[in-house]
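To keep things simple, chains are lettered A, B, C and D as they appear, and every chain counts its residues starting from 1.
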């Protein structure tokens, strides 16, 4: 059993913990948190040993009636691998610590690409991370774009990919983020950094991206254009994408018009936390104009990287190949709608 | 086993179906729907026999690959009781049908109080509905106010209750409702109809209400003032409310500042669909100024009436008394946070 | 003096009235409205003769203390030209009436292109509408795209234009429109109808568009890609666009990050109603990748068609050529920031 | 002519500048700003001498092509009175500077009440501030409540005032503020600080307040309850409030349902920046239940304190009494709808 420690038990960390626990070849030996709140309480209730990430704040946990298993250093020392799910920029600060205990670490997409040896996406470059000490699981958006680019490139060839990412302003629980009533070009300078981030997975891909931020919390939505090297029909594209295990093609008769109904579907089928681990592509939107493919996809920022983190654990430790790992992860989590 | 039919499988109906299924003294013999969509698909996947609510549209289900068990009339005929969870106003149109088959019916709070023999809230008037043919489970807001008023009236006496209901503009999946960026007095004339609705449960209560509509989808929030007939301390009020099984007092150290984090908590503890069946009262907000009690409570419009519907089934059929039914419902659903 | 009648005194109609009044070669002889409200009150205060659009409702105006000048038919009869600024689809119903009185009419972009003889954009096809009986001033989005396409096509040649239109869900005063918290592909099928609408002005342009709807009220925002036939530098594109009188390039040192600050700028410089008649293009966003131009522009849905309506009056009646009319309109309104 | 200096040229400062300029007994001798942006540009275009508030950043203005008149100290020295319209908390830091130059100063409601000698509202305590060195014009919400409380107390007597303030999350141009989709009790502990703030104007008033924050930008909305010492009819209350020059009673036939349409009305009648300096009270909402008065009012957070700042200038310098000043201010600004 792979002993997994999770540093950071917020939006991503808590989901990765549950996903790791669902696997039969790994277990969660502890989660670390900086301060007590409802999430720390839940971690304890779920039986995850709770570690304090900041020594001075350790007493706060006990004041809140939450028993600690120790300090984060002990967790790092004991783990075969650490999943760092701390807020953007904190992972970089933790790197030294992981090195000190010689524990390989996975970081999230909020960290800079050059912090790590290699960036990771299960569909894109599973085999490239084996044995690496520092690996970055790319962001939710980059994960979504990588899963889409891979089959298109393999089957039809990509001449140029152009994507407008209409991003949610904050997560449902992030009450101090905006905007309240605006559409923000973000960043204003073009092309945006999202394209280069996809290139950490596919160095040769020609891709330009534009980002915006809007007052919505549920999911990002991508307006995608791909100039292909060949001219398949829209149906051929649909058939190709339907074979991908982490792409969900929203069927026409579902009458789903946006992220609200997508999340409602996830809730109705019993998904934990209403999570949508798959890219959600409107089947109806897939269309071809000449060699230009167009489509819309919605990306659940809180969860699409969760199965990728699970796969990255096996990829780094070399315990399974891509097909095997993805199949195991999917099966254990219940991928597919 | 009580044979329960559910007419309307949307926001409320699908939740009531799952809650009924969780009980050991009743079962769902079928659900009726007007047209195929992702919810109809899920009903079938979950094994609920699916009935067409509108004869002419029956073929649409088969075109969508969804097998029908029959027409809604057959469901009504076979049921011991019908839960009508259709949109506001449709319940009134269905009444004749239920009479025709002599099947007692529960309606939702969107129907007029004078459509029915009696309105229902488990904490307020459980014993008054036995044997009634037409019973209305009061709305989410009235349910929330009734649960709060009952213990306060019993323990301290209520001189006057004044509540501002800041209501979500629409549910998460209702994409055509607004406002987008406004605060609407709604209704503009005062006091609002919410107070009289609470009086369908507590006829002698003195209550004035004011309603507003804002651009949020997760929960309603009530700003509550109760002029009490005595002057308890805030702690005495807290102690009283903590004894109520369907009031959840949000603890200070949870660091929950609004509905977003409340829903996140619900997700984390594994609540189906992230539902919050309890009134969510900020413990810290409970305060006394003279004999004036003030507090904030959040009400989950999609789910707080679900346990009430389950109780109403037993109340109408006379198969359990209030304490027994509430305990059974709570146990089966997993009430309490 | 051209005698202008305005049928419909809402968002567009009231702005066109003020803009027509500001010109020295035309005057507003009356405005028609279906029912009394604050806008009707203001029309009277401003001295616009008020006509009832629906005979049966005429008494309502007098009950509200608003004196009527007559029925809309009298206005149509007296006018040299009618600007129909009624809601989408009502213009089509009014067409017969305008024919009956042989009064040429301008319609708005909400009407179908095939209702009219020709669609109109001042920068695109001013000279093509002279003498036409029924002319459609294209929608706010199409106006914005036409103003941008014209100089690019003339100077650099357009191979293909691809635009994602992130549209505001409703206007600031439209409180029943949504979504509240969602990002909606709208329409879901691709490409959207916006591209073909631009082709009513530029029949030979190759353009694909995608539309979304988000919870914001202030302005639409376009994410624009133009594959050019040549490879200018970004500065050359900036220089070209800066010469256009109805394109406003937002300067870097203004620190404007979205529509909220754009509107604030409009208010600060004294624009009536905070209107932004120009396309608002982020100067910093203009960039070239190979022959691919990228940029962001914000479009004020309530007002960018207002100067176009004024120009269309002269264009239809043949009283000025494009350069002359645009200069007059701009000067009278105060175009340019 | 009173020589007025304005330190801070943002939301409030720029409006106060324009309002001061409109008076015939005072003039703006300069405005100070910390950094160049579109507002600084506009100040220069309007002919307000521009001063740098932070010496090190002075060169940034010239780099942006904006000529400076000097440093803020020179402005303070030259002024008869300073209106400090800097962000909350900065006023406190500036106090020493104003003392150094012996220039009396007006602060805004974001500063603590105990920073100053006395707090100010024109309708409440005009005569109490003459000769004071440090005066705080109370916040938008407190201004709105003071204007309402004064006539009610004088005419009917107030037993207890209870108000729920549903506050906009941020101003239209504040893009980093939230929440996006939530209703936040804010503060969670009750009663909120707004009540004590009203008592800085009316020390003997019994008032309890509750605050919430919602995703809207246009105006705050108050749900007001006043237990009166007598029992007037609703019409008597309406008649009383209609006599107040800074209360606007929204007439029923205006069909105004919220802040969006209120702002549209302001725009239509030509108000600068669409400002609403008056409390906007829904006439229809005014109602009496026993001795309990209920009503809704909307408060424009960006502008209702502007006329109060103008009056405070005269009040501090003793150049006019309350009636005279309010009449002058109203006349010059165009108060009344």
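In the analysis below, a residue touches a chain if its C-beta (ideal position, glycine included) is under 8 Å from a C-beta of that chain, and two chains touch if they have at least 3 such contacts.
A quick note: this is a predicted structure, and the numbers were derived from the prediction, not measured.
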Between B-D and B-C, the pair joined by more C-beta contacts: B-D
Distance-maximising chain from chain B - centres being C-alpha averages: C
Averaged-CA centre spacing for the pair chain B and chain A, given as whole angstrom: 36
Chain centre separation (chain B, chain C; CA means) in Å: 46
Where chain B and chain D are represented by their mean Cα positions, the distance between them in whole Å: 42
Junction residues of chain B - those touching two or more other chains: 168, 172, 174-175, 179-182, 184, 215-218, 257-258, 260
Residue ranges of chain A touching chain B (in the complex, touch as defined): 14, 36-39, 41-42, 45, 64, 171-175, 180-181, 217-218, 253-258, 260-261, 263-265, 267-270, 272-274
Residue ranges of chain A touching chain C (in the complex, touch as defined): 160, 162, 164, 166, 168, 179, 181-186, 188-191, 208, 210, 212, 214-221, 223, 225, 257-260, 282, 284-287, 289, 292, 294-296, 298
Chain C-touching residues of chain B, taken from the complex the two chains share: 168-170, 172, 174-182, 184, 215-217
